[in-house]
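Please read through the structure below; I'll follow up with questions.
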Amino acid sequence: MKFLEIENLRKVYGAQVGVQHFDIAVERGEFISFLGPSGCGKTTTLRMVAGFEQPSAGSIRIDGRDVVGLRPNQRNIGMVFQSYALFPNMTVAQNVAFGLKIAKRPDAEIKPRVAEMLQMIKLPQLGDRFPYQLSGGQQQRVALARALAGSPQLLLLDEPLSALDAKIRASLRSEIRDLQRKLGITTIYVTHDQEEALAMSDRIVVMSEGRIEQLGTPFEIYNRPRTRFVASFVGTLNILRGKVIDPAKGVVRVDEQDIRLDQQIPNAAPGEMRAIALRPEAVTLGETRPDRNAMKGTIEEVSFLGAIVRIKVRFKDNLISLDTFNSSASPPPRRGDSATVTFAPADLQVLEGVEG
Amino acid sequence: MKRSRLGPWLAMAIGTAYFLIPLIATFEFSLRMKRGEYSLEAYRVVLADPRFQASFGYSTLIAIATILMGVLLIVPTAYWIELKLRNLRPLVEFITLLPLVIPAIVIVFGYLHTYNSSSWIPLIATPRGTDLLLTFGYMTLALPYMYRAVDTGLRSIDVRTLTEAAESLGAGWGTILFKVIFPNVRVAVLSGAFLTFAIVIGEFTLASLLDRPAFGPYLQLVGANRAYEPSALAIVAFVVTWACMGLIQIFGRDRRATMAGR
Amino acid sequence: MKRSRLGPWLAMAIGTAYFLIPLIATFEFSLRMKRGEYSLEAYRVVLADPRFQASFGYSTLIAIATILMGVLLIVPTAYWIELKLRNLRPLVEFITLLPLVIPAIVIVFGYLHTYNSSSWIPLIATPRGTDLLLTFGYMTLALPYMYRAVDTGLRSIDVRTLTEAAESLGAGWGTILFKVIFPNVRVAVLSGAFLTFAIVIGEFTLASLLDRPAFGPYLQLVGANRAYEPSALAIVAFVVTWACMGLIQIFGRDRRATMAGR
Amino acid sequence: MKFLEIENLRKVYGAQVGVQHFDIAVERGEFISFLGPSGCGKTTTLRMVAGFEQPSAGSIRIDGRDVVGLRPNQRNIGMVFQSYALFPNMTVAQNVAFGLKIAKRPDAEIKPRVAEMLQMIKLPQLGDRFPYQLSGGQQQRVALARALAGSPQLLLLDEPLSALDAKIRASLRSEIRDLQRKLGITTIYVTHDQEEALAMSDRIVVMSEGRIEQLGTPFEIYNRPRTRFVASFVGTLNILRGKVIDPAKGVVRVDEQDIRLDQQIPNAAPGEMRAIALRPEAVTLGETRPDRNAMKGTIEEVSFLGAIVRIKVRFKDNLISLDTFNSSASPPPRRGDSATVTFAPADLQVLEGVEG
């Protein structure tokens, strides 16, 4: 038996389906992300686990106990909201102590626990401040401490970093993950930011239109996307349009240059058009080798992004975007230069469907 | 360019003059009761008048009753609407705005016909009943202000998420209402209360048509029969209402500072 | 849980009853002028009364004058404050709220003393002058609503950036005001205007104390001396104000839909 | 004479200095970014160029004409705002035509010009829509078309992408840059997003507290930051704390492992502590080579970010973060593994000041 089991969960609003066929089993201590565009049902699912929404059908078991029908205050969960949701009339310490007071813990226990939590979020001196005196990042850390103070069985986070700046987002991301690891608390994290989900999660549930598209580790999701939706939602893709030359040997022609795949092209006749996906980081500039495909083109755009230099190489109709690391010794190539790009046959993936 | 800048300033000057000139003139006049010198004689006379004390006391009592009933009616309603019935908000806003545009006279006629001595609830038959009716009337008049104040307070704190946060921490409804919601709208409720007080103290139409010994009709009575006292009374009424406004501003500023800090 | 849900619903029910019961009772009563049958006789009598027509016409005229003067005073002022004098906003808001809490009676006394026949501007000496004074008074009463409506309209469109965008495209002040600002607050101005209209039509205190032949005092006169006509009048007044409210809601909804789409 | 010359610009609010000692000369057709944290004076400077604020001192010349004292509507500039600032009462086409109508161009000229601009921003069919019917990205493209319709001499953009989603931000970024290149219009772009500035600009003005910290190409700014502020604001840095062993040969000891620099350490005595900066992308895992420094440590964290895998390696007290490209063939290393990192002596930079 897994720690959290959700079976055949379904939520319907009138005629509209919010969530359906939702099944997952989460290990104790696992960090699971629900990833998807807005309206995909990820928040609705989280809110059903929290008890703020009632499922139309299906079951949710936490540590063997069916919680459907229980009120949120009977579920022993910790919840963190996008808008922090700190109580404005209470100090930081009172906010953190709120759940403990409600549970009628003795004062002698509450005080050291609050101090411990503030230590944990690295704001030990701010107990007497009010929420409005803190920055957004600090407020969200306090919200985290408040959610964790009562040692809940399950931690639920609903886009907790969306309201924050990029730099704070990145640092708080690893802080949350460190904390979660240290406490070993089972965690569900809702986000629409694929990088966040990839960076933090043990496993990711990619959702679209109320269904699970794929469930897997970040590495699986990114490198072996099961559906076209997952492939395009997670990461960036080059899509090449090529004419099938030899389906059995896996040869296609893209802008008059032949390239090889490491697999057959299923259900394809010579002359048909196919879309082929290629991740930017699988492409390198120069370095022609016999085991790699090479294509000649012209550099159309060079974007210096800091650590990464993103280069777009134009062939006749197709365009390949590739990433290289910045090197202080050699400036990036220039627009208009001719260039050869190479990539391994294994990195090419034929997408389903015939292209016009 | 120059001309367009002058316009708004002129408008503001006119606006300010609008309030200041009558006020200053009234104040100056109220000091002239004793011939040839400025004195506070008019104020002494007015404040010593037992009818002043009685009517002011009566209006204060009615105002407090109005505020208490209003708070009990409006805070839970507004909270519930914000929390669960957001779709109803336009309708409720519409209802709460009605008293602004339905003349007080219409309200009074309605009451007179509904609660007259031959009706099911003959409130008008006794003075206490009429007092109650007056309080109801004032509650109606104050509804738009009170509701708007409470609603603004509730909206500024994201009631829904705070309620959910408290629930997830194990809180029940009582705790949520008294520990989370009420402390955060107290300021808004207070400012609504002061506004209500100011409105009730100066109200004339309802009190006069229901024939109750309130401050408004007393003001009118004195105004019709005396020379200097009305001015003094007007100034007194102005100071009282101004003090209420000042309190609203103080509480409001507090709140605003809090908001700005977020 | 159950109890706390019942409370708000009960409060809403009471709130609705508050308006509906007197209204229905009044309407029912207004239909009983002819013995033993429901008829519109009372309405016929009222609407045929020349004093009704005269007082309603007078109040309508004054209302229109009030609206025109109010718009001319408030729109440029509010625009200018939003654009350049944002620090002054709390002060201006305070000033515009004053008429809510200063009793109408105080305003009237102030006017009477300031503009009496021995003053610099003896407005009260002539009927036209008193009409003007009444208009000023109504402008004061309507100021909080009008200002708030215009201000809300202005705030919802980010006046500052729109002005800068228009300037950077080469527009002068005239173009900015008439092509950019005004079209975007027209709806807000209209809703303020309807509210003003509703307030002026039903107002009693000012008109009565300044002794002008307005609709409010006529209502009171009929109310004191007739049985069925007052109810009919109240219903007529209610329908007029309700129509105004409806128009506000229609324009307001339009605007809200527009906003929601953003 | 340069196209845009700003000399000794200064803006004071009461006792507070908003901008000072601001000098730049911009070529015709150049794309210049003002980059800095909020409150650094970048927007104030832009607004002085636009004419919305008056400088306290200094001069601004556009194409030889001193514009200080001119009203914004006399400066022939195009401006794009963060909040789009489309006129809500006008359709898209009317918005774009606004400036042309004010300039009293004949209708016969306005109509094709508006069509041309809508074509340019790839929204040719949306002329009859109202702004509220468009997405944020579409609105900002319309705002761009409106600003460019009158063929201004100078295009000013004030954080135009800050209100948009990450994905739209990235695509609109290259669209704006393409357009700017095609039209050859001199452009000033204000942003607090270093990646945006690096990706788009010909040159970047990095600002802090009202001053110019550094002016240079993205490559210069990133690889040769002149001040500590620039180094830490642009990109991410590893800061190693090491004890100076041999200042003349450039040897320091970091957590009991010696590393070499390619330069002397100025003003340092053996035994003093120094902070050394190292970019994450200059570090590689494994591949020990005699010309590179090597340090042995333990992998503390692995963040799978998609195209990039960010690995943190812990030594005794120091931590090095390094970036590697995702490779579908080999999963990233695991937490707790021991690892050797290498980096070239040339990539190390000693920061000013003695460390405690």
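Annotations
Read from first to last, the chains carry the letters A, B, C and D; within each, the first residue is number 1.
Convention: a residue touches a chain if its C-beta (ideal position, glycine included) is under 8 Å from a C-beta of that chain, and two chains touch if they have at least 3 such contacts.
These numbers were taken from a predicted model, which means no experiment stands behind them.
In whole angstrom, the spacing between the mean C-alpha positions of chain A and chain B is 53. Chain A and chain C have CA centres that are 54 Å apart.
A straight line joining the Cα centres of chain A and chain D is 26 Å long. Multi-chain contact residues of chain C, defined as those touching 2 or more other chains: none present. Taken together, the touching pairs link the chains into one ring where each has two partners. Per the contact rule defined earlier, chains pair up in contact as A-B, A-D, B-C, C-D.
By the touch criterion stated above, chain B contacts chain C in their complex at residues 1, 4-5, 7-9, 11-12, 14-16, 18-19, 21-23, 25-26, 29, 72-74, 76-77, 79-81, 90, 92, 94-95, 97-98, 100-107, 109-111, 113-114, 119, 136, 140, 143, 145, 173, 177, 195, 198-199, 201-205, 209, 216, 219-220, 223, 230-231, 234, 237-238, 241-242, 244-245, 249, 253.
The residues of chain C lying in touch with chain D in their complex are 157-158, 161-162, 164-172, 175, 179-180, 183-184, 258-259, 261-262. Partner chain D is touched in their complex by these residues of chain A: 166, 174, 193-195, 198-200, 218-219, 222-224, 234-236, 279-282, 301, 303-308, 310, 323, 325-329, 331-332, 344, 346-347. On the side of chain D, the complex with chain C involves touching residues 50-52, 71-73, 75, 77-79, 81, 83, 85-89, 98-99, 102-103, 130-133, 143, 146-147, 150, 156.
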